[in-house]
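In order of appearance the chains are A, B, C and D, and numbering begins at 1 in each one.
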């Protein structure tokens, strides 16, 4: 059974059908690409999947469970984590605190214990910190753990956002244009990171990307979205060679 | 029935004064994106200027109002230039809010020093006694009629100004996206200065009407009407010119009606309660645009 | 290694704050005991401390939760009245210390409940709309208590919003809240030492809270609500939590307020929006998000107009000018630029001198 | 960096305040100087009620200047110092402490009731003699060291009701009062209680609050609709002047009846005094009275401060002379300690009878309440005229 199964998903904003009849099926362990020209509705799909928008039609199943209409924070607990096109870090928190916030529900203690630093506080905080450092180490960010996250270089901020998403131990990771604004070196490094986390954490990834080199380099399958509708889907190489897809891209870009 | 009508008219009168003040508030908020807490005190300054020229120096009230408008405009521009502009791009929007509070303290205490704490009685700038309807059972004062008319005129003027003139379009652009407006070649500084000029001129007009309808003048005259008008602006949807008008009228009418029919002691709680209820139902006020954060 | 460093740095910051407060307390106590302190300053100590407590509470709301509240004086009002009522009813029934302790707990709990109830609608709003609604609630609280008449007699509790006569009490009944005249005769249970202990308690609670799982959640919501949701943080719950704690601490300050002075009235000069704004001034000048800064700013800014008493008529004018000037110097981007350049040039100059 | 600056500033402020206190240190037990009487005044000198505070401050100063020119009290000169309380009880206590540091021997204050009560908790502990010119709430004189010059609120409320009832001025009475004000709601309470015994009916009783005191159309309308022939205004003249003007524009002309707070209404700058024609007030002081004392007081007040004094000022003026009389009776000297002065003054106050601005033959009993005649005056041709 597919890990993510999207059936006839749709949403309209005041009469404008932003996403229509969207279907998607991702198997466990796949690295899947969602591509399409600007304004095709890719980010809207992400927002629908993560509950930022409530779909006006269709269903979303994760691992066989219907998660349609769940709130964002519930969907995260259901097993989907994401990053954002325009990086959304907790800017006034340190790098490690960004990750620790994401570990929020792993070690619990009461507010009373929080206010007086008693009881389970010390033990839980110690474990959280160790765990956060472990995650940062995977992303080579452990040496910067005390830096304010807004002071990180751009590429590192992207990485930290992925690290933060991974800290919630999702089954499915959604990456929204992870290579946007990166130079070729940073992109190459990012590709390594993505492959690494997929292998290390045994996770399924869905990513939106404009950089075709990145998509063809790491995605096994892609879905092409145009004007809110699926234009093509299937193996990356085949889809990218599809004349209709090329037309959609060229027609949009030029 | 007649008592209801009377209350309604009284509410309309109070409401249109709130509306004029709220129009100034909402302009400044919409374009400069700051809560000018000192706006109410600009009104007080306007009142004192009219008082000096009209009551003390015996000038024609209309001339006194014109002088007040000019001086208040200057005061508004100066305040913006000296106290607010340096903080426009400060790291926290609270910085300019606190400064506005400082300006408010400053104006009140300066007036206290110059004019003393004694109440001054204001001579109405509208000598007309008003009209009497239904054989005298419903009386509408001249000042009430003038206030309502003036507030409508100002509303129409502002709407035309904003939508039909270059400067007005520039204001709209600045209010929507300051950065983009700047890229389009709009002089943001000039536009905001103009906004403060208009807002302060309106404060002077509001002062003339407020003090004529409720003729007592102290250094704190402007404070509470200022806050109520702020509430009215929020109620109507802050940044929206027709919203400020509606908010002001609604607030004034509710205030008077709840005092008449519910409790004069709890009227303030009711007025603020209405604000809370409206904002819960419509989180950006009656005519406010709902701006959703883009993800 | 890193972990150790981090923890120790955090707690060091905290303990510096406690240290400053305790040191200030010791110095004040020594001066007081030695009779070296002016009665004027002595009388200022308790108010100064409870305003510091409200400033800490408001900073939790404004700096940590990131929501501008203009209604914290209302929570103070709730804490002050609820605790004063208890103390008034039980005056003479139990030992003073016990009575004050219970009154304190009551004041804190009641204001926490009110904060929670107000938080439900308020926290759904954003930005300036939220600010104005907190202002509205503050005024509503003040207005309702101001119009309330409350009395007890053998038949039970009587409430009226009209007049004292409308309570219809037996002649020997006791009026507790007499409308605008408020509550008189609250026992003078608070003193500087108690106020400082409660300030320390507020500091412990708030600073520990910030440095905890809950505090991180709250700050992540402040920094980016959407991202916080996306990592599974229940946004509403944590907003409510922080707001309620903030209200409870403000209520605690209210308890000290009412037990420090014989008359308690729910009027603008004590609990109006002006007071909320005054406290906001403390928070902003002390540094948004800096708990220690709030305490220091509250102390200085409360003392400043008092110490300018000699200037009488001019002091509020001076205060306002100082306020505007400080805001521009501290916050204007240009002023910051110039200041940085100035300090840089000094540093460079010193270096040059050093090498020369 | 900023934090450091703040800390340094804090230390500086603390140090300065401690130093400032050193001058007055040790003053809490005894007077610092034995040569002059130091009398403190506390009242709202800034803020919305500043008119009352400054009136008290100025009038007390006039009385002190007169006394000093005439040789002082028991041959000692008198120093006066006024402190601001901004109408805030806590600030009032601060002001009291500040005056103590200055070396105050006796207190004339506070001007308003709530502040007066709060400060009396402190003066009781110090046994400082406190004479409030205008703190009219019952609790103001709860302690034996506190006396007052003005009538108490209950006395005014009851006296007003009695006056209206006994003279048969009206049978239907409307009331407009400030429910957020201690003075106003205090008078209203006793007025309403006493009305039942006086055979007239209160047909409308409408309140306003400090936050909504610009528009009175509702309250006036209700009184008008209820057919009130007399509207009782137990409020201050600031709001009363507005009510009179609004009633006039609404075409409503009842008899207006007020208490001492209404005094001063003719002095409102630019006020059309013809509106107040026929208004009655029960006040112990009228600036237009023709007796020599009032005239000389008003003359020197106007010459010095360019405004007309009100009854707050008159109370303060009498307070200073009461202090003089009591101090002379008991041979109080500035070299005595605060508590010695307090004891002596408590005794002295009950033994004197003075003819002041607010009454002739004023006496006090140990409860601190004055015995004096309420005078009803009516406004006629823009001046106060005795009603009887």
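Assume a residue touches a chain if its C-beta (ideal position, glycine included) is under 8 Å from a C-beta of that chain, and two chains touch if they have at least 3 such contacts.
Note that the structure is a prediction, hence the values are computed from the model and not measured.
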item: Co-neighbours of chain B and chain A - touch as defined; value: C
item: Relative to chain B, chain with the most remote C-alpha centre; value: A
item: Separation of chain A from chain C, taking each centre as the mean of its C-alpha atoms, in whole Å; value: 41
item: Chain A and chain D: spacing of chain centres that average the CA atoms, whole Å; value: 72
item: Between chain C and chain D, centroid-to-centroid distance (C-alpha), Å; value: 33
item: Set of chain A residues in contact with two or more other chains; value: 52, 84
item: Junction residues of chain C - those touching two or more other chains; value: 139, 143, 146-147, 226, 313, 316, 330
item: Chain B residues counted as touching two or more neighbouring chains; value: 109, 112, 265, 268, 295
item: Chain C-touching residues of chain A, taken from the complex the two chains share; value: 50, 52, 71-73, 76-77, 81-82, 84, 88-93, 96-98, 100-102, 104-105, 107-109, 111, 114-117, 121, 124-126, 128-130, 133, 142, 145-146, 164-165, 167-168
item: Chain D - residues contacting chain C, complex; value: 1-3, 6-7, 9-10, 13-14, 16-18, 20-28, 45-47, 82-84, 86-90, 93-98, 100-101, 114-115, 117-118, 120-122, 137, 139, 178-182, 184-186, 188-189, 192-193, 205, 209-211
item: Chain D residues touching chain B - in the complex, by the definition given at the top; value: 46-51, 53-54, 179, 206-209, 211-212, 214-215, 217-219, 221-222, 225, 237-239, 241-242, 245-246, 249-251, 267-272, 307
item: Interfacial residue positions of chain C with respect to chain A in the complex; value: 2-3, 5-7, 204-205, 208-209, 211-217, 219-220, 222-224, 226-235, 241, 245, 289
item: Chain B partner contacts - residues on chain C that touch it in the complex; value: 62, 68, 121, 124-126, 128-129, 131-133, 135-137, 139-140, 143-144, 146-147, 161-162, 226, 273, 277, 280-281, 284-285, 288, 313-314, 316-317, 319-321, 323-324, 327-328, 330-335
